[in-house]
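The same chain A turns up in both complexes below, where it pairs with chain B and then with chain C.
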Partner chain A sequence: MRLKIILTLSVIAGVILAWDLHRIFLQVPDEANQGAIFRIIYFHVPAAITSFTGFYLAMFSSIGYLMKKDLRLDSVAASINEVSLAFASITLCTGSIWGRIIWGIWWTWDPRLTSFFVCWLIYVGYFMLRRAVDDPTARARLSAVLSIFACVDIVLVWKSIEWFRTQHPGPVLEIRGGGGMAPGMEAPLWWNFLAFLMLATVLILIRTRQETMKLEIDALRRQAHAF
Partner chain B sequence: MSPQNYTFMFYGFTVAWLIVIGYVISIALREKRLREELDRVKRMVEEGEGTRR
Partner chain C sequence: MRFLRQTLAIAAKDLRSEIRGKEAVNASVSFALVILLLFSFAFDLEPEQIRDIAGGLLWLIFAFAGTLILNRSFARELVNDCLDTLLASPVSGAQLFFGKCLANYVLIIIVECISLPVFAIFYNVRLPQRLALLFLVMLLGTWGITVIGTLFSAMTVNLRLRELMLPTLIYPMLIPALVGAIELSRVLINGGPLAENMIWFRILVAFNVIFTILALALVEIVLVG
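Entry: the complex of A and B
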């Protein structure tokens, strides 16, 4: 069943991505001020929203672990956070490349960029913490607490372009009251977001199965040591 | 528009795909290692049970 879901989602995500790439490169015109480089937004923003969605889902899974003490919920949270971190890395890299052309610099310490970088570092720290703690229960408890607190920074990242005057562009998408893109130019962004969500779901399903295998290996090891 | 604009757009898309591909490869390698480890530990347990009998 899981394999069927993985295959189905992979195929649908692949088809949407291929169709959307065709639209992005061949149908959407260059932006009047930025030119062709603006197309990076079609990967940058969907990757960012996918990572935020994942980090929040992981937070709920972490809360679930603290309430039920079920290690499977910790495995789910770790899997979601890892996949989300990969998408957050895409956001950082693509944003930096866009900034090099539009601002003439690779990086600047403005509130949006800094808060996102801090968010990325927190989740890198999350995985360093998981590697450093051997006891599965202590590891799950500590990483659940960190995963919950890390979500506070996501609110700061999300709202920073409204709260502060930043170098990063203000809200552009229609749902945030931006209205900075023509409907025909905004639609491929949401299709890419859908494809990224499906891709992330596939990767999370695979990673969760691997984390379950790790738990199985730990249990078998304990059994083997008991002889 | 400068040709650099197109070049950096290409860099952006390439980096994004490289991160996805690199991550998928790392997952595949971990899958292989975990399966080998699981088989090894299962064998260990079976041998342990055999010795106890």
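Entry: the complex of A and C
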């Protein structure tokens, strides 16, 4: 059943991505001021939203673990955070490439970039913590607490664009009150987001299966040592 | 009332132990002096420029030196299984955490009160006339450092790389509080208008309130499970 879901989602995500790539590169015209590089937004923004969505889902899974003490929920939280961290890395890299072309610099310490980098560092810390704890129950407990703390920091990241006047482009999407993007140009972005979300789900399903198997192997190994 | 009494008992125990041994405070003050020395090699600035970055330098010193105290907070209970005994005693996790928070808070404030005049002398920075406001910023910023630091000290107490893990985990988490405190300190030392920078004050207060509530809610899980 799991394999069927993974295969179906992969195929749908692949088709949407292929169709969207065709639209982004061959149908959508260049942006008036930025030229061709503006197309990076179709990957930058969906990756950012996917990572944020993932971090929050992981927090709910972590809360679920703390309430039910079911290690499978910890595996789900860790898998979601891992995939989200990968998407956050994509966001940082694509943003940096865009900044090099438009601002002339790879990086600037503007509050939004800084906040996103801080967020990324916190989740790197999350995985460092997981590696440092051997006992599965203690690892699950501590990383669940850290996941909840990290999500509070994400709120600061998300709100910082309103709190500070920054070098970062203001909201351009209709949904955030921006209204700076033509509907024809905005549609592929949301389709890309859907495809990224499906891709993330596939990766999470695969990683969760691996984590669960790892737990089973560890338990069997402990049993073997006990005899 | 009972909550407060037991909390204060934990804080008093930690402070008494520190006053007798003076391990963490001595190390922390010495470390602050070393950082002050190193900054003198890193920068060669005019007096006006120093005033501009004084807030940042001060809070870096406070954060680095504070970590030494926070690292010791729960680690000192590992000897003779004192942490297990404390957890088995009729004191809740929240009381234990809050008591340790108060003790750490007092110790870090002491280190800051020593570092601040030394910094002013070494770098020829005239302390602001609004010294009471700077002290208020120190109290607010330090509470943020203390709450996060004490909780993460409890989280990392049994880890192999405890000394390494604590700063790696808490510094990114502390950024909003540190940025707020740095900006407010800079404005106060520079003599700039405070009214335009109230956003930083609000961020600092919000950070403290949110993380204090979160820490109190989750500390039982961290300590006991």
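Rule of thumb we're sticking to: the second predicted complex is superposed on the first by the 227 of 227 C-alpha atoms of A that agree within 3 Å, B and C clash if a C-alpha of one lies under 4 Å from a C-alpha of the other, contacts with A are read in each partner's own complex, and residues count from 1 in each chain.
Simple rule for what comes next: a contact is a pair of C-beta atoms (placed from the backbone, for glycine too) under 8 Å apart; a residue touches a chain by one contact, two chains touch by 3 or more.
All figures in this text were calculated on a predicted structure; none of them were measured in a lab.
Q: Looking at the overlay, what does A:Leu66 touch: chain B (first), chain C (second), both, or neither?
A: second
Q: In the superposed model, does chain B or chain C contact more residues of chain A?
A: Greater contact footprint in residues on chain A: B.
Q: Between chain B (first) and chain C (second), which does A:Leu142 come into contact with in this model arrangement: first, second, both, or neither?
A: Second partner only.
Q: Which partner chains sit in contact with A:Arg112 here, chain B, chain C, both or neither? Use first/second/both/neither.
A: After superposition on chain A, A:Arg112 lies in contact with neither partner.
Q: Which partner does A:Asp153 reach: the first (chain B), the second (chain C), both, or neither?
A: second
Q: Look at A:Ala47 in the shared chain and tell me whether it touches chain B only, chain C only, both, or neither; answer first, second, both or neither.
A: first
Q: Considering only the contact definition stated at the top, list the common interface residues of chain A for chain B and chain C.
A: Residues common to the chain A contacts of chain C and of chain B do not exist here, since the sets are disjoint.
Q: Chain C touches which residues of chain A in the complex?
A: Going by the criterion above, the answer is residues 66, 114-115, 118, 121-122, 125, 128-129, 132-133, 137-138, 141-142, 144-146, 148-150, 152-153, 156, 163.
Q: Please give the residue numbers of chain B that touch chain A in the complex, ascending.
A: Counting only chain B, the residues touching chain A are 1-2, 4-6, 8-9, 11-13, 15-16, 19-20, 23-24, 27, 30-31, 34-35, 37-38, 41-42, 44-45, 48-49, 51-52.
Q: If you look only at chain A, which of its residues touch chain B in the complex?
A: So the residues of chain A in touch with chain B come to 30, 34-37, 39-40, 43-44, 47, 83, 86, 89-90, 93-94, 97-98, 100-101, 199, 203, 206-207, 210, 213-214, 216-217, 220-221, 223-224, 227.
Q: Taking the touch rule as given, give the residues of chain C at its contact with chain A in the complex, in rising order.
A: Per the touch definition, chain C meets chain A at residues 148, 155-156, 158-161, 165, 168-169, 172-173, 175-176, 199, 203, 210-211, 214, 218, 221-222, 225.
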